[in-house]
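The following pair of complexes shares a single chain, chain A, combined with chain B in the former and chain C in the latter.
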Partner chain A sequence: MTAVRKSLLLHGGLLIVLFGLQFVLPAYHHGNLARIMVLASYAIGYNVLFGYTGLLSLGHAMFFAAGMYGMGLGIRFLEMSPALALLAGLAAGLILALVVGYLALRTVGVAFMIVTLMFAQALFLTILYFGKWTRGDEGFVIQQPERVLWGIDLSDPVNRYFAALLLFAVCLLVSLWLIQRPVGRVLIAIRENQERARMLGYDIFAHKLAAVMISGGISALAGAVYGLLFGYVGATFASVQYSIFPLLWVLLGGAGTVLGPFVGTLFMFYLIDLSSALTTAHMLIAGVVLVAVTLFAQQGIVGELRRRFWRWLP
Partner chain B sequence: MTKSVKSGAVTTRRGALKTLGIGAGAATLPLWARYADAQSSAPIKIGFQVHRTGIGAAYGRWYDRTTTAAAKMINDNGGINGRMVEIIAEDDGTDPKRGAEVVEKFATQYNCDVGFGTLFSHVVFGSAPRAGELKLPYFVVSEGHHVASGALNRYTLQPGITDVKSQVQAMAPFVASNLGKKVTMIFPDFAFGHDHRDFFTAAIEAQGGQVLEHIAIPPTETSFTRYFPKIPRDTEVIYHVMVGPAVLTFVKELGEFFGPSRPELFGFIDSLEAVDIGSAGLEFLDGTYFWEGNPRYAQENQSEFDKAYRAAVGVDDNGASLSDSKDIATYSHMFGCWETLNIIKRGMEASGYAGPDDRASLIEAVEAMSDMPHSLEHPQGAKRFNGKTHQTFGHQYITRVTDGKLILAHTTSIEDTLYPDEVDYTTQSF
Partner chain C sequence: MTLLSTRGLSRQFAGLHAVQDVDFDLPAGQIRALIGPNGAGKTTFVSMLCGRIAPSAGEVIFDGQNVTGLPAHKRISLGMAYTFQVTSIFANLDVAENVALAARRHLRGAARVRGAVDRALEQVGLADRRDQPAGDLAYGHQRLLEIAMGLVQAPRLLILDEPTQGLSEGEIEDFVDLIKGLSGETTILLIEHNMRVVMASADHVSVLNFGEILAEGTPDEIRANPQVQAAYLGSPDA
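Then we have the complex of A and B:
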């Protein structure tokens, strides 16, 4: 069996399993998985930039929040339909990614991390500053009647699950498709050796900018969908911790692997959920486990699987 | 034949796990079978969304102690409808995303009867939509205006603590009559500060006063001296409502700026909840006034209810923990947990609450409540609940810093705190 066929079977199989779980999961885990799939989509967006292009952003929450606020403000003030609001969220993320990418890509390494962090902080403070419209740190609720998309009530748990699955499937397949296309190969080449890629004649800046926009666009779409599915838009999602989360999820799951973001998000979600039920020091447990994974599975969970067993994993 | 016997005798890993699973299920059988067969004797589960970590941790610690004490009192007195109360506490990290997840956990995993106890407004905003969708009565103890503004839903109520709009509005008559009519406001530049800015500006103007200057401080600020020259010279009162760890610096720098000739100062105790008023650097506050939701220091006219409540929670006459005099209570807010649990109890008793199928009846029973007299169930003072807006109204306290203690100077009436309804949740279906 070829690597491509194996890959299609594995990722298609995951989507089929996720589809099937809808019918058997208890209510609590059913809701959790819907949330995890949306957050994993955010992590997939992050992985395009960090895992495949080698650009470590510390400010990705700005894209997630741009999508969320683009959607939420569209509904709140322009009375947009949910479909149009989702497009507004995506557009907000893409425009922001274009601007940030154009400016931040003039830097490399640590400077790139700091510049993205500063941009994200600027967006966070902007949301607080324009509290009259954004309701600042409190945020605002997207009411149930505003969350009916083409007659489908997205506040319904079954509809929410399928919407989350649809988003996740699209992001997963786009990610899979991207890295198998020439443009994806160039991104990996840039990650491995930027100067060599440049000497081969590739336009590094254009490819990096494309990566920022694809990454920012996926993250923004995830943010917009998150707000619509769970009915809340708030500045917390633009804060530093929401820039760190996708980095952790991707590192845990395996940077530069298609499945890593999902595995990392799933792992981290249940690690916090289960440990918080056991002790108030749940962050200590999470920290110890993270250190252990970092020490003993340096390429992340899926990355280790690829290194040890399945070298064909994309 | 021999082969088949051998095969059957081998313990596979899968077989062992299966056996263990069945064994574990059987071991728990008596527990769940008992509750399934005798629903009426099972405890009433109250999901307590507690800020154990994150920015709300100091509040969460005291909300936890107050809730534990209130549940103990209820259980010592026979529980609710003959059933014991079980508090299921879960940390929400003072985060709206985690808050929503915790609400889901209460509703779908722990099968709680109600959710309860959230303080920070952004966590309430993040969690309330999920509570509404899961049809889980969600009793918040937040003092935000979110419930009464109509932003939430029929399943979200705030019956045990007053909201910021009524608190701020009730301060204006005292400020205008006793401290001055020309006010400069200093507030954090986010929603909490903006609420104060908007509500107090309107309230002081209604008293014939005016706000000369609004000084918004960015939330990341650590030094404040450069903002003070913006304070107009003819300011009679500075209204301040800074929060967070920088508040000590704020007060110290304000003192250095004004020296001995300062205007009157009026602040909200939110700035100094869980902070010892005798802390070094706070001497400048002597002689200034504060809003308090419930006076931290036991006053001369202390009620027997406050005395009993203090003892039950473990707070001394100075507002500190009985076991650690440096552990200062969040006394102006935490009474809300005590009072809300007692309201849940009364609501369940009035509706004959037996289980989750009666959640709508419970909400209707609480909506039907109105006046609540000053009592052990309401040690902060009498309340008037508005069933349409799901918001309670009550007395507010103004204290003056005197010799390092907060001494009661004025108590507002409930009428001072009322404002026109902005929503009627009872028109929403369940």
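Then we have the complex of A and C:
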């Protein structure tokens, strides 16, 4: 079996399992999984830039929030339909990614991390500053009637799970497709040896900018869908915390693997969920496990599987 | 026809004149060896040709076009290819993927890329290692991989910076045959320390010393030139 067939089977298989799980999962986990799939989509977006292109951003919450607020403000003030609002969220993320990418990519390494962090902080403070419209920290709720997309009520758990799965499937397949395409291969080449890629005739800046936009676009779409599915838009999603989360998820699951973002998000979600049932010091448990994984599985869970068993894993 | 020329090309590093006022002309189809002692400025000179580093002064003309202001990737798309003196490959990627990355910039379609990759790997004798991670190759084989990455681009000007460094005797002989097989279609600028390779493959030789062109001529003329001998050829097979 060729590597392409195997990977189609694996990723298609995961999507089928996720589809089937909704019929057997108890309500609590059913709801969790919907949330995890949306957050994993965000992580997939992050992984395009961090895992595949080798650029570490500390400000991705700005893209997630741009999508969420683009969607939320569109519904709240422009009375957009949910479909149009999702597009508005995506557009907001893409425009922001273009501007931030264009400026931040003039720096490298630690400076790039700092610049992205600063841009994200600027957006966070802007959201708080315009509290009159954004309702700042408190955020605002998107009412149930505003969440009916093409006659489908997205506040209903079954529909919500479905929508989350659809988003996740699209993001997963897009990232899988991207890294098999010549342009995705160039991103990997830039991560592996930028100077070599440049001297093979590739325009490094243009490719990195494209990576920021794809990554920011996916993140924004995830943010928009998150707001729509769970009916809430708030400034927390623009905070530093939400920039760190996707980094942790991707590191845990395996940077530069297609499945890593999902595995990492799932793992960390339940790690915090289970440990908080046991003790109030749940962040301590989560921290210890994180340290253990980074010590013993340096390439993340899926990364280690690839290193040890399945070299064909994309 | 002249494929590449430079006029007054210079580069200083903090006051050090690594390359000084070099006028250089390379006719299309020629195999030109660039020789000179360590630190003579050979790598700096070719790096300015392909845009890897910017000159302090002077200009580079490629195929009648002044390319001095063009970034590296644009010069490469005009048909230059460059292989590094210090091996620079994608160590974590497969051998074939390394070559494919070099091929895809000018070839479209998986089948065509694959064909070109197979041919280039065949030419350097790495066909049976196509699915190994490039980092697992022995040093000499990594050098050959670099050469394959240059060849697969089907460049008009191929710049090779000490390609035979680290190759075995047999591999060096194959390399000379390979280079001679390319003569006529590809213009080659070859930085080379091994004088036997120079004598066997080059049509013409330029000698660089302290950043300046010391002499130019056929291999035999260069070998007989007393100035060159004094500067460089003290030990003929160095």
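By our rule, the second predicted complex is superposed on the first by the 314 of 314 C-alpha atoms of A that agree within 3 Å, B and C clash if a C-alpha of one lies under 4 Å from a C-alpha of the other, contacts with A are read in each partner's own complex, and residues count from 1 in each chain.
One rule holds in what follows: a contact is a pair of C-beta atoms (placed from the backbone, for glycine too) under 8 Å apart; a residue touches a chain by one contact, two chains touch by 3 or more.
Just so it is clear, the structure is predicted and the values come from calculations on it, not from any experiment.
Undergrad: Once the shared chain is lined up, is A:Asp203 touching chain B (first), chain C (second), both, or neither of them?
TA: A:Asp203 sits against chain C, while chain B stays out of touch.
Undergrad: Have a look at where A:Gly109 lands relative to chain B and chain C in the superposition and call it first, second, both or neither.
TA: Neither: A:Gly109 stays clear of chain B and chain C.
Undergrad: Based on the superposed arrangement, let me know which partner A:Phe237 touches: chain B (first), chain C (second), both, or neither?
TA: Only chain B; A:Phe237 stays clear of chain C.
Undergrad: Of the two partners chain B and chain C, which one touches more residues belonging to chain A?
TA: Touched residues of chain A are more numerous for B.
Undergrad: Could you look at A:Ala189 and tell me whether it touches chain B, chain C, both or neither (first, second, both, neither)?
TA: So A:Ala189 only meets chain C here.
Undergrad: So, A:Tyr129: does it touch chain B (first), chain C (second), both, or neither?
TA: After superposing on A, A:Tyr129 lies in contact with chain B but is clear of chain C.
Undergrad: In the superposed arrangement, which partner chain does A:Pro145 touch: chain B (first), chain C (second), both, or neither?
TA: Neither partner.
Undergrad: First (chain B), second (chain C), both or neither: which does A:Tyr28 touch?
TA: So A:Tyr28 only meets chain B here.
Undergrad: With both complexes superposed on chain A, which partner does A:Asp137 reach: first (chain B), second (chain C), both or neither?
TA: first
Undergrad: For a test of understanding, state which residues of chain C touch chain A in their complex under the given definition.
TA: 50, 52, 71-73, 76-77, 82, 84, 88-93, 97, 100-102, 104-106, 149, 153
Undergrad: For the complex, give me every residue of chain A touching chain C.
TA: Touch residues, chain A against chain C: 182, 185-186, 188-189, 192-193, 195-204.
Undergrad: Which of the residues in chain B end up touching chain A in this complex?
TA: Contacts found on chain B: 52-53, 90-91, 95-98, 100-101, 104-105, 107-109, 121-122, 125-126, 128-130, 132-133, 144, 146, 151-153, 189-192, 194, 218-220.
Undergrad: Inside the complex, what are the residues of chain A that reach chain B?
TA: Against chain B, the touching part of chain A is residues 26-28, 31-32, 35, 125, 128-129, 131-132, 135-144, 155, 157, 230-232, 234-237, 241, 272-273, 276-277, 280, 282-283.
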